[in-house]
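Chain lettering (A, B and C) follows the sequence in which the chains are written, and residue indices restart at 1 in each chain.
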């Protein structure tokens, strides 16, 4: 497959980290929420790179147990003191206003204002990120030090927002592979100026999709850019009849920091995507954390709800909620780095490579070992620094290629990197010692979920 | 079920520990053995609290591989020295005579006497507890210091006992539930003045049965007070045709000391009673020891014999044989305490609550998460200090209520206390988000043993 | 079976270690390779003890993916300096010549000689053991100190060897048991003067076969003495139709040193031979290492190739490759000892005893415990120092003899030595409390591999 060139090598470029970072920087300033112009503007930016299909779901549409809410937009917001000085200005940070705040234009006392202010007393210099999508309210978010500095006077509180019938917007892009079986890659697009959560995920998937153009794959790859929770629910409601195509899925968020990597398994717990990611992370040289599924987290909650139970996991660097920068103004461009983005990109590209190449071979000489030396196979890989691993890989592949073990099964049992197993299997195949036993993606998908 | 009031709360009273302790103190002085007046006197005392059905199995009755032995009774026993002084007096401790000692009235030398004396050289102040039910013999048990103080003279050894045809006696009490499926709770009644082993178990089960009167339960609860080994065998022989009703069972012994708790699993190893007890102990705040089944121990040996293989475990505080007080005169009223008895009682009541409430629900909105906020469920439990646990419980229950997970399954997977899962499930049920999927006790029993 | 006398006791004699050692010393000097006179001479020595059947497979014979190579023989070899002094002499150690070296008789410079010399710079006093069976070449092996002492002069290099059409030779001996089901015991005979690897294995199996003569067994025991790899492949090719008879197998090598013991499991990983060896090692008082199967090692590689997948494990003392003496001249008679050989012999004899005695019994009194005291069984074994173990063994056997657990299953679950379980089971059988449930070897074999 791939005519001898590995998918991984086709997907990765030298400056991929810098490119992703630049795109993060481009979309970082946009004020996103679960609906509104910020989402559309973000999707438009993505559309500069890939042919994105944008969908609008009208307010009031029933999506399973939920109803698409009114669309929220905001032009401006500030707090002025009695001297007319803006003590808080939305223009400086879109985190200053709680997402979905109702419009306000009032003179209020400090005491009343305080009832509509969120701060982080333990991180007094940071602005918290808050939302109130379904309970009508308004609030400002500010550094605790700012709140403490406010004098007891009358303030002018202005939030120039609108809540009105409109749409929820999401975008998707399909890279068509040889089959209709799909690998879903999804990033939430509802957070405002938070660089890691989730400009990083949006930008990484945009570049992955872009890089995949023209590359032959077995699976079709569906890239989804949708608001968290309600967006995933809306997508599932609109695509309910087709979700059976999804054989593997990854939610991608917070992939720009240097922590982790962290992988949370799908509800299946041992599906092929789980095993492919874990195999990749274990041989990455990093110190991954592997978490069992739990029903709290990102959009895997929806894909793994009992009515769908799709094999969808969550890939992050640091785990959400476990770093001080999480959901604060400290999640800015300084918090992420091109190197981390490139590393995360490579992990996903390698995972895709595992899933694409996870074939079942059959040893054509299954009785006793074949004579490798005669074929020049012992030492054929001697030039590589992993010659010992390659020799062991040969023995493992020949021993386990009985029609019941895929390359991923073999890599796991041999405790060797998948790439070594895959490359060695192709060498053996060229020598006639292996034949492909079963290339049907459907069956492989079934194999994955059956385990 | 239980019309909103939890079984646990109906079973537990504030002064339950003091009440059980007082009953232990009442029956502690009685000289029990595997047959005889002591057993009848004990059953009579139990009968003051619950309507006990007493059975008499005549000497010579074949019960499986065993035969009911002759009945043993004892009026008095002593050892007098040459000066007529009683150096040992049965009236001071019924441990002084080996249980089932044949009658004796002889003058014997110290040397001959020593052949009929048991002591504990390493615990020289304590009287050991000894029996010889099936090999005819007689013996005195005494502190090693006493034996060492005896002068080399002639002693008058008297054991005024009888071994004659009679009966083996046991008592049982059935609390009738909504179904005929039974939960067996059994305590051995054959040990003389040993407070923990097993006056504690007898008294605890007496008060549990008493407290259960008038309480609606799904299962029927069979309380059995029988001599160890031969009594359990006799009961099984008399009830062989009905043991299939026993879906869960607990042997209760040594529940008054502050050690443990210790749970020894049934032979199944993963039956529902095993999982219910373990779930309760793990969230008890104590440091439980969980032991695999072994064929050495208490009456679970009989229930778990291969011809029955019933799901019956053993609950204790300290493990038998592993404390210095075990089977000595130090196992007295000072060794146990009302607090420990109350704690043991609560553990059993909680276990019963788990088994009673272990329903299978089905999420009525299984595609994506339902919108909890709209129903006031997020934060509905905010007042509780375990609000976070309750929120997680909601998500876990909704995610796993696919008709294949009971509440106990969910509690185990969520690593949350069963009570939190149960309470939250009822909240979700009232909101219409859950329906009971299967309430058939038979099926639940089968579910339990099938796992 | 065995009419009351245990197989183990029939197989072990007091001086077995000394006898095996003496035989090792006898065959140690022979220059073996994968073909040639050394193998034949070794088989002739074995034939002095047992009626060995010797097979010759001609050069050029196709054996699966391999072809039997030309036969190699060597008469002499040396290196002479300009003064005619032999600086290296094959007569002093047959390790001095790389096995399968082509004939050489030349005057060469030191520089050229060095291209045909192997040494061990980190073990400068030892001669390495090297082979080049399938790539034509010649080389000397010598201590690194010797190489360093050689002056820059012209040397006469002589290897008086022949490579010519001939045969590969192996020997086998069948001890016929009650059934045709076989236990394969195999030792490689291709290494020259290396005492542990594998004169020890050859000698141990020779004496085991010799000792087995006249002993009644259920299984037939096939002893195979063949060159490593190509010999095992040749044997499998010649016996392809009959390998289904092999129910258990052990590769025996390096059993004379004091390390380990080390057991590498068969590819099945949990076959009966694996469990029998592990059971024996765990209760040996030694500190065994149990390794999962891997496709690198000794002849288990061939028996466990996917086309055969036979239940064959590898038993060693120290693990190959993990000791400094491995494949050097330090693997000499000083490196092994009669005590270690005797210990290894006993481990194998005990394993055989487990496999032979691993019956499934049925408790004839399965409802409740039978009354052991009445039958004199409690304490019947009191004279033994392992009386407590025997009592526990009785309870475990009675509890688990439900027709679904063999004695090995019971020994594992009870964590007791197999010998205690077996002896106790026979005691219970004599008391009528157990009957043999299933003695069919075929079924037992199936049981073993099915697990």
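FYI, a residue touches a chain if its C-beta (ideal position, glycine included) is under 8 Å from a C-beta of that chain, and two chains touch if they have at least 3 such contacts.
Everything numeric here is computed off the predicted structure, so don't read it as measured data.
S.K.: Chain adjacency by touch: line, ring, star, complete or other shape?
M.R.: complete
S.K.: Is it true that over half of the residue numbers where chain A touches chain B are used by both copies, so same, or is it different?
M.R.: Counting which numbers both chains contribute, under half are shared, so the two copies meet through different residues.
S.K.: Starting from the mean Cα coordinates of chain A and chain B, work out the distance between those two points in Å.
M.R.: The separation of the two C-alpha centroids amounts to 54 Å.
S.K.: Please output the residue numbers of chain A that touch at least 2 other chains, ranges allowed.
M.R.: Not one residue of chain A touches more than one other chain, so the list is empty.
S.K.: Would you pull the chain C residues touching chain A in the complex into a rising list?
M.R.: Counting only chain C, the residues touching chain A are 63-66, 134-135, 229, 232-233, 236-237, 240, 267, 294-296, 301-302, 304-309.
S.K.: Going by the contact rule set out above, which residues of chain B touch chain A in the complex?
M.R.: 363, 365-371, 373-374, 392, 395-396, 398-402, 414
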